[in-house]
Amino acid sequence: EATAKRKDAHLDLCATGDVEPLGNSTLLEDVRLVHCAMPELSVDEVDLSTEFLGKTLRYPLLITGMTGGTERAGVVNRDLALLAERHGLAFGVGSQRAMAENPQAAESFQVRRVAPTVPLLGNIGLYQAVRMGVDGVRRLADAIGADGMALHLNAGQELTQPEGDRDFRGGYQIVEQLVRAFGARLLVKETGCGIGPDVARRLVELGVRNLDVSGLGGTSWVRVEQLRAEGVQAQVGAEFSNWGIPTAAAIASVRRAVGSGTRLVASGGLRTGLDAAKVIALGADVAGMALPLFRAQQAGGVEGAEKALAVILASLRQAFVLTGSASCADLQRKPRIIGGQLKDWLATL
Amino acid sequence: EATAKRKDAHLDLCATGDVEPLGNSTLLEDVRLVHCAMPELSVDEVDLSTEFLGKTLRYPLLITGMTGGTERAGVVNRDLALLAERHGLAFGVGSQRAMAENPQAAESFQVRRVAPTVPLLGNIGLYQAVRMGVDGVRRLADAIGADGMALHLNAGQELTQPEGDRDFRGGYQIVEQLVRAFGARLLVKETGCGIGPDVARRLVELGVRNLDVSGLGGTSWVRVEQLRAEGVQAQVGAEFSNWGIPTAAAIASVRRAVGSGTRLVASGGLRTGLDAAKVIALGADVAGMALPLFRAQQAGGVEGAEKALAVILASLRQAFVLTGSASCADLQRKPRIIGGQLKDWLATL
Amino acid sequence: EATAKRKDAHLDLCATGDVEPLGNSTLLEDVRLVHCAMPELSVDEVDLSTEFLGKTLRYPLLITGMTGGTERAGVVNRDLALLAERHGLAFGVGSQRAMAENPQAAESFQVRRVAPTVPLLGNIGLYQAVRMGVDGVRRLADAIGADGMALHLNAGQELTQPEGDRDFRGGYQIVEQLVRAFGARLLVKETGCGIGPDVARRLVELGVRNLDVSGLGGTSWVRVEQLRAEGVQAQVGAEFSNWGIPTAAAIASVRRAVGSGTRLVASGGLRTGLDAAKVIALGADVAGMALPLFRAQQAGGVEGAEKALAVILASLRQAFVLTGSASCADLQRKPRIIGGQLKDWLATL
Amino acid sequence: EATAKRKDAHLDLCATGDVEPLGNSTLLEDVRLVHCAMPELSVDEVDLSTEFLGKTLRYPLLITGMTGGTERAGVVNRDLALLAERHGLAFGVGSQRAMAENPQAAESFQVRRVAPTVPLLGNIGLYQAVRMGVDGVRRLADAIGADGMALHLNAGQELTQPEGDRDFRGGYQIVEQLVRAFGARLLVKETGCGIGPDVARRLVELGVRNLDVSGLGGTSWVRVEQLRAEGVQAQVGAEFSNWGIPTAAAIASVRRAVGSGTRLVASGGLRTGLDAAKVIALGADVAGMALPLFRAQQAGGVEGAEKALAVILASLRQAFVLTGSASCADLQRKPRIIGGQLKDWLATL
């Protein structure tokens, strides 16, 4: 199966390849949180919980959609979903296209046995959704017992992919239909190039209630495809490997654009709990991560991923304590220092 | 013939010499276009066409004037003109001074056989034009069936050239005469040091309708001459090898200064389709390139140049798609992020 | 005794370990004082004196609290207190927790024999003070004949310390009680992560009259503890080794926040007399240093510390002369150039 | 003779030592002049002349005071004065203190035989002038047939010099007396640490009509003395080797402060004709240089210096042509781009 094969090539590249091009940046290094010398908090008292997809997270974290469709992918999904369940995070499976094409692939997306209560996101590409229609998408969500459906945008990747889409029309139309079908259970996400304020505003006007800006600075899918491409596409891909809206610029500008009624996930290049705290300070409700947990799982199984996650959770909590923030809303009221190129982005976006 | 010999020395230096001094920059790296996650475009549907010299380009690209006068130069001209014809670009020959001095040199400037429909630009230096008078210039244009005439400004080069001009008076006067003779068919261009808003405004007031700002950041003709010069001139040339208005600063400030009635080409250091998209975003109607296509042709003939051009065209198109721009006018309405030293230039110019 | 052992491990790390993480900065390099070509001063005439804890310093310098509790610590205290006495500086002992726990440790904090007239600061941690109560703290101060009591804040360190505090509640309450007990003799200090304007304002509202902002850029106690920690805590500690408000940002913003009624010490990363002059120019009444004098003492005894101090004092005086400042108040009226990241901090704080 | 010996040690250090500390900068690299593609000038027609000390310079250049008092110094003075005469520059001798102390030293300051018409500046330190009184200073000027007298300020150097002054009082008083004696023939100069707007304003209010800001970025006399000093002074000197107002900041801010009535020289770190053009653009009437001509003379005698000077003059002229400036006043009306740290300096000074 072509889709499955491609997915395995992707996993291999992501596990060990240079998929985070040097020089790409989230611009989170241009954000400094401000130390509070008198936190007046107990570490355990800090309330990191947040609402997401109608459930309550213990930590404002989402393991964003990555994989599915092969046995190896199934292990990744179950290992990471298990951790999400254990720590009260949200979890997303990867693109369910393979599953739509081949029912046997469905098994690898099933995580409810290990993660009965996590807010669970299905996943499908925008142009796949166009092709399968609203009912097809609904079936994918139902088949895995998902709380919501992530619709991913990846035009940059498609253009770099030999077999990729070239026609990006009709996107808002299908979004509109999916909004009608899924309501507050729909999430629209990018995959590393970022959603900016213009697109965000238009999506919110259509009724989208959850966005994952997934900006530049982490896994670059243009880069992943470039490593697989040849000829003109490989060279153009190389030029566009740093294309996108840096995550810090995306989340801050989108929050400004959409107001407080929309649930915002910020992902793309977050690597530490401190990074997660920064995107929350900039306006995210939930911080998303993919690559670091995937790599930890690949290197050390569920135990390896647990260790990596423990550091992230402790660091996130510490950032709250040391800014004197008792909750996410509290952190968002604290001062933050914005410097460097991020100032330039925010002056315009 | 002195002119022909000098031209061949120039070609050799440009083909393999260090003619783009390290540290010189177009400042296009201080410009970031903004990703559009929902382009609502089909790749093929993007309309890159633009009007130039009364004809329609399929791509807003000009291969700027480089050569002529020797057999080798004739091959370069024909190879690149052929590509311009094939892809719907504009093309310019190099300085026709050699041709004015020696009728036998004319052959190397003839590209109409391979490029019957391209918007074709003749080329002569400002001070050559002073010497040969309006009729002489008209004869040059007619002799190659040109659609327009490029008048090049290169005071920096002249000063570094042992045999160069030292008297730059009377320039606006000859421009005025040429405007009367050529009207909208006249284009005034720099050659890598840039036209700024003051000069642009004055030229437009005299009736010039096409400008190529040709700014700093690519081929430096001060540098080329410096490599040939000796003594004081070589040392002064070294100091001035980074002299000029960076291309990004030139195009943005000139567009602001002259309004929308003037056709603007931006050249000087553009190396990719993404660079071309950036100058269009900053206000150019047409993006110009010389060195990269010359070098590709020298290294691989017409085939080599075709390959280099294919990457440039695909990258340019991709930049349009990924900013959600259906046309040049559309791209110019999109946000763009301006940072670094470019901010300083644009605060003053 | 656990406390004593930990203190000795701390001393060893501070004496030779990498406790000032590369990349951490006070941002004092973003401050330039302005040369005065006509100082109209005699070097000896410059009046560097300032009031502190009811006494008069000859130099606006405080050797901030570092140690006590072991024999080695006692030598450090006496050597440095001797220098303070000799040159008219203020001196602080390290945390007296060891002394509260073990009366025999008291001896190492006794410096009055060698420093009968220096303004002397006792020292205790905020949460230790909570535990021992106001009377306990008063006893500590009285036992060493202190002129004032330093209450240190170190939440960053505690969180990185395996045996550290996790509950930071009730801090302002104990401060309020200590204010009642100590009045203008109480000083609240950080330990390298900085006090910002919000905390400073609240402390001043409670009646605190002396603050040592002790900001980021020098000894990092998160780092010291990280070098001792293991597992999750070591990794989180590594992430937070550059956490804090840079000293230059802290002192300038706190001075702005609290007005002139509060005595401000600026410490954290000051390494030269010029650094000291800069923090005074930014609003400090007194400049504080710990590590450089500790290290000089460890390497060369009292003589070594004397030599290091002589350079600091001469450099401080020279900065006054070359800015044409006859006194601290005078220096604070002179222009100072603020650049780089410090501008970003001061735009927000 | 102590003064003579010290002067020879200085010459040796300046000839080959590291007297321009790395990292010190004039900030002239933060200034960009703007290319004029249509200069409408003939190279020879550019009028670089300017009035200075009642005479007319062909180039707005001053070889600033360096030496005298030994035979070697005499050669330097005569070689460089000869060049000044030949090219129509101004010339200054070094400190005439040696001459005041020892009549035999006078010979080395005599340059009128080789430079009968140059605007010639005598030279004495401010505090030397205090000691010898107005009549003594007048005798020094008369003895060499000077057109004016340079009074040098060098507090930074004095403090780093073992035998240096420590009392800088009474400076304005002696300036006032010298103004009465010399009128428009008096010039007050720094020696590499810069005169800022406050000092400049006060000097102008006392009647001083000529200032040489001599800022940071070139020869550092703090550094020269530091290389000769020991102990505390050497260490403090090292800290202050980058002390001062960068030349670009000094000249721009002083011109703003004093208006057009005062003749301003800008020196300190100018190394090329382009540097000279930049300081003129920023408001200088005359550009001054010391070290580069001294070094060229030491390395290659009068011929070596002539070669170095030829490059400087050609580069200066080229900068005028390529900015389209027919005169100094013209250049000062052209736009100039200000970036980097220079913006920070000019925001405050």
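Labels for the chains are A, B, C and D, by order of writing; each one numbers its residues from 1.
Simple rule for what comes next: contacts are C-beta pairs under 8 Å (C-beta built on N, C-alpha and C of every residue); 3 or more make two chains touch, one makes a residue touch a chain.
Being a predicted model, the structure only gives us computed values, none of them experimental.
If you take subunit A and subunit B together, no chain is in touch with both. Between subunit A and subunit D, the least number of touch steps comes to 2. If you lay the C-alpha trace of subunit C over that of subunit D, the rotation comes to 90 degrees, to the nearest 5.
Chain centres here are means of the Cα atoms, and by that rule the chain farthest away from subunit C is B.
Interface note: subunit A and subunit C, two copies of one sequence, contact each other through mostly non-matching residue numbers (shared numbers fall below half of all numbers used). Chain centres here are Cα averages; for subunit B and subunit D they lie 43 Å apart. One simple way to say how far apart two chains are is to compare their mean CA positions; for subunit B and subunit C this gives 61 Å. Multi-chain contact residues of subunit B (touching two or more other chains): none found. With chains as nodes and touching pairs as edges, the resulting graph is a single ring in which every chain has exactly two contacts. Applying the touch definition to every pair of chains gives A-B, A-C, B-D, C-D. The touching residues of subunit B, when paired with subunit A in their complex, are 32, 34-45, 272-274, 307, 310-311, 314-315, 318, 321-322, 335-339, 343. Across the complex, subunit C is touched by residues 126, 153, 155-156, 159, 166-172, 190, 193-196, 198-199, 202-203, 216, 232-233, 235-236, 239-240, 243-245, 341, 344-345, 348-349 of subunit D.
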